[in-house]
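The data blocks that follow each hold one structure.
The two complexes that follow have chain A in common; it is paired with chain B in the first and with chain C in the second.
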Partner chain A sequence: MRNLLLSSLIVPFILGLVSFILPKKNKTLACALAIIASFATFIVCIAVFMLKSKFYLDNSYIYTLQYFLVDNLSAFIALFIGLFGFLIVLYSSGFMKDKEELNKYYAYVLWTISASIGAVISNNFLLFLTFWGVLGITLYLLIAMGTEDAPASAKKAFIIIGGSDALILLGMAAVFQLSPFLEISRIHIPLTNNLAVFSFICLALGAFAKSGAMPLHTWIPDSAETAPTPVMAFLPASLDKLLGIYLLFRISVNIFDIQPNSAISLFLMIIGSITIIAAVMMALVQHNFKKLLSYHAVSQVGYMILGIGTANPIGIAGGLFHMLNNAVYKSCLFLSGGNVEYRAKTDDLSKLGGLAKFMPVTFIAFAIASFSISGIPPFNGFVSKWMIYQGIIELGKTGTKLWPLWLSVAMFGSALTLASFMKLIHAIFLGQPSAKKIDDAKEVPAVMNIAPVILAGLCIIFGVWATQIPLRLFIVPSMQTHLTFSGMWNSSLATILILVGLLIGFIIYLLGSLKSREVRQFIGGEDLEKNPQMNPSGAEFYNTVREIPLLQFLYKRAEEKLFDIYEMGKRAVFGVSSLFSYLHNGILPTYCVWILLGMIVIMLVIL
Partner chain B sequence: MLVLFFIISLAAAFLIAMFGRKSKLFCHLTSILATLSLFLLSLYALYLVNKSGVIVYNIGGWIPPLGICLVLDGFSAFMLLVLNFISFIVAIYALAYMEKYTDKYRFYCLFMCMITGMNGVILAGDIFNLFVCLEIASVASYALVAFGTEAEELEAAFKYIVMGAIAASFILLGIGLLYAYTSTLNMADISLAIAHKGFNTVILLVSVLFIAGFGTKSALVPFHGWLPDAHSSAPAAVSAMLSGVLIKVLGIYSLVRIFFNIFGVNQIILMILAILGAISILVGAILAIGQWDLKRLLAYSSISQIGYVILSLSLATPLGILGGLFHLFNHSVFKSLLFLNSGAIEYATGCRNLKEMGGLKEKMPITANTSWIASLSISGIPPFSGFWSKLLIIIACVQANRIGLALIAVAGSIITLAYFMKVQKVIFYGKLNPAFDKIKEVPVSMRLAMIVLAVLCLLGGILFIPRILVYFLKPAVSVLLLGTNYAFTVLGGVL
Partner chain C sequence: MTMIFYFIFFGFFVSVTAGLLISWIDRKVTARLQYRVGPPILQPFTDIVKLLGKELLLPKGASKITFLFSPILGIISIMIVTTLLWLVNIWPQKTFFGDLIVVLYFLVLPSLGIILGGFASRNPLASIGASREMKLVMAYELPFILAVFVPVAKSGLSIKLGEIISYQSAYGAFISNWSGVLSFIVILFCVQAKLGLVPFDMAEAETELAGGALIEYSGPSLAIFKLTKAMMLFVLPYFIVILFLGGFNFNGLAAVRSLLGFVAIIVLIIVIRNTNPRLRVDQALRFFWGPMTILAILALVLAGRGL
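== the complex of A and B ==
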């Protein structure tokens, strides 16, 4: 068992190293190696998961090495890291085929897999931090492999991630001060004194940066435009969500044990709500579909944080389940979006349109994932959102007055998500073909469709059989507490009802199609008369949202990057820096005066 | 044996001065052999200290308070190792790098003089010899900064001389007052005298003079005015020595030796050192991020990193001292490496301005990769060496209940990460400047030096393994923790 666990780390690492030192020419070899390595890792992760669940009833900590520990949560997350790693490598073998330096690309991907698994199974805080830091490096290297502007966004991403690593380090130092252990499983700190709160916030900021919650989210939309699409699907969309929320779960449930209605719970819920609304509002007005998707990647994190912030079992389980679902549908969206980009050679919405009939498989996968992210039953996104809503309602029972606010934020965010995906599907797949004709409009090679199809299948399976499969296998065991569902969604029955409903509708449609009716073209609820120049391609949907007075102000500020903590920090630091540079005028007497002044000040202090 | 540290380096300097003008090979051979043997000797010294504790060598057989003595304890052995290792690597690097300068034998002569001075500072058992050796090293470094003899170099050297002289006069004044007060120059004896007479205003005044004097040598803000000019104008090999070891040996070593071992730990002085350290961290880092001259950026970054070392040492807890010394070692390695990288870039492109560079990754893969490793290491990204020392420093700050200092350390490290990412991006990524179309990777000796240091950055974490850490750093830490017990161990045979 011990060897099995270590091999899940060592196999991808060593094969990554081999791929790294391969000659640049051997693209096929590097690719084959990566597929084998990631598949082997996936198998090992499955084995770890299976062996663990045999002992499930005895003890939730199954076996312990000195530095590693696998419990239900880490086994389940490692399983999905393995799955996503394999799917992404498989997809990259088609998408990245013509790129340079493929051996390095696969090496970085394999190292990312290795380090991520390491981060979730390490039980020693230092070891965890080491793996976590390595992930920042590989993220930088992977983003930097994109377009010409990629190094700039890679730099931004790394500064935010690496900077938050320093915060985690500080939080860890505080934890170490409060508790004599460095083993994560043995640390239990009540959130009673200031140092504990301080350390929780430091660690939570690290988790926010990784998973992309506001205010540390700004690296995701920036890298979306420049990074290679599989990298976006791999890191910000799936792995970083798994890891960031994993950390948040660990600190808020295992290490600190936050209480409902405490200040920390409120803090998390506020961050979550702001993230949901602000990011989805930004998503509504994007023109670049990768950027639009990336804002949703931010917005969905809000739900997970909101869920965990409720601090009651059902809400936390909902947050965790939403993390899993989000990873599935968001990487499906990025990958099928990547298919579109692969054929159309553009990611600008106004240049796309009418691709559904050329790329049916991609379209269906994309549509399923879109329904899922918008929380439409019976897909998986609905179930987890429903659990989060229940968590909020449970919270209401404990006497807080604010629960209707959280609930309406979550539901409103969900509605806006649906709206923006309507725009996206319309602009890419339906609607008029764009003015500029896409030459190569046909379905992508089969190898690139495997991953989106599998993920779309998971969206359905995790939705329809939610209680039977994902909740029973992954989520409930991870919670270590008993879950009570106040109003459980009986998804299988509902699915049948929905199907029946659709069938009846279809029959009515067939009967009614005898006398059809003229309707005006649907353009996302916009008024065509007011926008006569509007391009019905869909890219312009919701531009009127910008015109609403207060929002207009906010959007403008957002475009000036006034809400970007990175840009603001940069401006502040550079401002101070130019002041200091001005003081360093290079004149010798000035410097000598400093020495004297410094000495005099010290003398005054001491004597 | 301790005298060998002087003899070898000084003899090498003289030999090069006498015979080096004719034969380039002789210069190279002498400098390499001398630095290599010094490096091996310092390894042996570390072994001896671990085996048999403190070694005192009485020159001419005179017993300590009367005669001059050399003292090798854990702290000196550690500093000797850092110094001689870096100088050996820099000597290898200089083989090819100094090709473009004329009068190379003078460079090697001055270089060896500087090493002599620094070895002397570390081994000196009495405070006046410490001062003399400090001046030997400083004067050699003034000349080395001016080595290019262009207007810029001369201006920088002039500033450096003036400020260095001010610092030296403060130090000398302090030593004079101390001598008048205690009637002895032997450091162990001074310590005893102070313990006997009590810690009073005279000592406080001397402390202020020493903080200003040695603070200038170690370039703490606000005493740092000389450093950016001097570091950026000197030849890269010299900058690496200046930043990697000179400011540490002349500044930090002397400060720490005097305040921990001679005067004894004093809370007010520790507080002042902590504040100076914290200011240096922030000011250095903020100044560095605005720079577009590579070497100037690295120079400001040195100020900031020295701040970390002083901050951590000033906590005076076991973990703080361990973190500070470990960071001192790591900083020597990665900052020397970064200066060597900057030298390599200047060697290949002839330019230091970041705005003109770009896309050098393809052309200079070894420089690019080693500098990437050094940048990650200095920014404290795991698993590179800088991470482990930063970890210790932050944990030590929190343990000492100084959350504010810990926050400053974290903020400094975020800014450090930001400016090194800027350096990486503008130099190695992006579009290649057409003017640099024909550049090549640097010669073998420069590559070798960079690779050795990069491997050390990569393996820095290994030093973290307790057993190695104990062997390497524990003697030094325990010397500082025992404080004024220094006097008894040095004078043990006499009293």
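== the complex of A and C ==
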């Protein structure tokens, strides 16, 4: 176990270092090295997970090694970090083929894997924060490898993440005031005094910034437009969710133990609800599909926070399961979106359309992941959302009157999610081909389709066999309390019924006459082929929503970035510094005037 | 195995028969309101058989698998909902936790089938129609969810349909209180929109979009859409009966009463359909997010106070 644990940290780190010092020209070598390293790490993570669950079935037993600790939660998160790392490196080997400085790119990815695993298995708070800080740096470096605008958004991400690291440090200092230990596993603080609440909020804000909850989400949409697509699929979509929610889970369950109906639980639920609705409303009106997906990456965090905020076992398990599901389908969406970008060379929705015929595999993967994220049964998103709803209902039974608010926000948010994914599917894959023809419209190389297909498969497996596989293996063992699923939504039965239904539909087709022929579309007697401008791209579908009086006002403010803490902070800082820069304008006569005025003042005072 | 039998029997045959009969009532009443004679009782069945006999037209350059799969998506989900509703009505103990939420989710899928089908037909008119359908779903989903919470709140926070039914059979139907009446009104309009009937038929809008999302469908694929619509005409009023009237009662006088309730809901839907002009989609959005949502919230507040 000891060697395995250390090698999961050291292997990606050392091989990343090797890749970093490779000559720039050796692209293939860097790529091969990264694939081997990430695969080896994945295998090691599997081994750690197997060993953990084989020998230490008892939930209370945890494996410790000086500053490290492996319990069920960290073993399962490390397993998925390994999986995502491997899939992203595999995907990058196709997507990033023509980019420059590949050796550095792979080095950063490998270091990210290493630091993420380190963060989840470290038991010492300071060590945890060190790994967490390294992740901020690699995030900055990876985002900055995108388009020419990327450094600005990378800086934004770095400032928000770095600032929240300072908050974590502050929260940690407060924790240290209350408890003499630095080992995470030994800290148990009741949320009774103000200092404890303060430190919880500081640590939670750190988790929010990492996972992208409001109001600290703004780095995700900004970097979506500029960062390389695999980076978006790797960090904001999957790894940062795993890590951010891991931290939130650790602090709210292990360290502080939040209670239902407490102020902290209310705080988390409010943040979660606002994040769900506001982000999905922003997603509805986006024109750039990567930006649209990134707003969903924000919106989904709301569900996880809402689930953990209910503070009852089923809700927390739902939040944790949603974190896993979100990582799976969101990276699948980004990667299959990346396939489209790879062929079409654009991420503008109005320039895409009708690609389903040319890229069937990508389309199917994308469609499955969008059904999952919209919570359509029997895919995985439905099960975890259902558990969160159950958590909210359980919370309602304890006497709070606010349950309809939380539940309606969560359910309505999922309808809006469906709406914006329908828009994406229309604008990218179905609908009319764009007026400007896409020259290179065909399926991407097989190596780029492996990851989306595996992830789409996981969406189905985690949905259909939810209780048998992910809940039994990963989620329930990670919970401290015992959970039963009696009378639960029976996903496998529903799947069988859906298959029978498919059969019935098929029989109806067979009952009909089997003659079929292709005809021209009816558009009032015109010929579609001769009128390529008759093409509602879909990007404008939901402008009706934007024109509703109150929403119009909010959208306008949001587009002026009035709700963006970073932008507001920037404005405040520049406002103050503009005063100084006005004084220090570098013109000699001005300085002379100031010196003269100063002398006069001094004279007046002294004399 | 018994589930599959229930699924095929209740989910398909019973609801198809009932739905087609109700669609006959709909056509007959509409005709009488317009001083026409109206079709004979078997007309809806004949229509389906006729459609099955027609050849299948596929739009050129469209994504054919999605085009043919979308109608089936709708019918499957309606079958699952019907099966669930029948099961919990007949055997309230067969309910499982959260089946109400499952029903709510599955009730969105028929619209999703229409939307995907419209998108897949590569016709600009279909795209516009489907986008209107999507906006309509967004519009009515919020008041619909809130109105469904009223029975949940009144039955002591139960999201099991079986418990909602047995609570009502013990303490009386929810429609007899103020909150029940208000949320019933809200849910009636939402059901009207779910069914795509006037005044909320902007997705098909025969006069401007020539059928909208369904414009390219013909033959068997159109027949499946028609079947789905007919089944929804049965399932959605049935859902209201379960939520607000305590489900169908099968013995004696109570059976007559619940049947009358069911027919009354259908007549209300038909009357609304025949006395209103079509709204624009932005008007529908404002209608549902404005007055309907406020009414639903009011109903919830009243329900919280036990009224």
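Simple rule for what comes next: the second predicted complex is superposed on the first by the 538 of 607 C-alpha atoms of A that agree within 3 Å, B and C clash if a C-alpha of one lies under 4 Å from a C-alpha of the other, contacts with A are read in each partner's own complex, and residues count from 1 in each chain.
Note that in this section a contact is a pair of C-beta atoms (placed from the backbone, for glycine too) under 8 Å apart; a residue touches a chain by one contact, two chains touch by 3 or more.
Note that the structure is a prediction, hence the values are computed from the model and not measured.
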Touched partner set for A:190, first chain B, second chain C, both or neither: neither
Partner, of chain C and chain B, that touches more residues belonging to chain A: C
Chain B versus chain C as contact partner of A:429, first or second or both or neither: second
Contacts of A:407 with chain B and chain C, given as first, second, both or neither: second
Which of chain B and chain C A:445 touches, first, second, both or neither: neither
Touched partner set for A:137, first chain B, second chain C, both or neither: first
Touched partner set for A:415, first chain B, second chain C, both or neither: second
First (chain B), second (chain C), both or neither touched by A:177: first
Which superposed partner A:584 touches (first chain B, second chain C, both, neither): first
Chain A contact footprint on chain B (complex, rising order): 158-159, 162-163, 166-167, 170, 201, 204-205, 207-209, 211-212, 215-216, 222-223, 225-226, 228-229, 268-269, 272, 283, 286-287, 289-290, 376, 379-383, 387, 390-391, 394-395, 397-399, 403, 406-407, 410, 413-415, 417-418, 421-422, 424-425, 429-431
For the chain C and chain A complex, residues of the former touching the latter: 3-4, 7-8, 11-12, 51-63, 66, 68, 71-72, 75-76, 79-80, 83, 96-99, 101-102, 104-106, 108-109, 112, 115-116, 119-125, 127-128, 130-131, 134-135, 137-138, 141-142, 145-146, 149, 152-153, 157, 159, 210, 215-216, 219-221, 223-224, 227, 281-282, 285-286, 289, 300, 304
Complex interface listing, chain A residues touching chain B: 126, 129-130, 132-134, 136-137, 144, 148, 151-152, 154-155, 158-159, 162-163, 165-167, 169-170, 172-174, 176-177, 195, 198, 570, 573-574, 576-578, 580-581, 584, 586, 588, 590-592, 594-595, 597-599, 602-603, 605-607
Residues of chain A touching chain C in the complex: 354, 356-357, 363, 375-377, 382, 386, 389-390, 393, 396-397, 401, 403-404, 407-408, 411-412, 415-416, 418-419, 422-423, 425-426, 429-433, 487-490, 493-494, 496-498, 500-502, 504-506, 508-509, 511-524, 528, 534-536, 538, 541-542, 544-545, 547-548
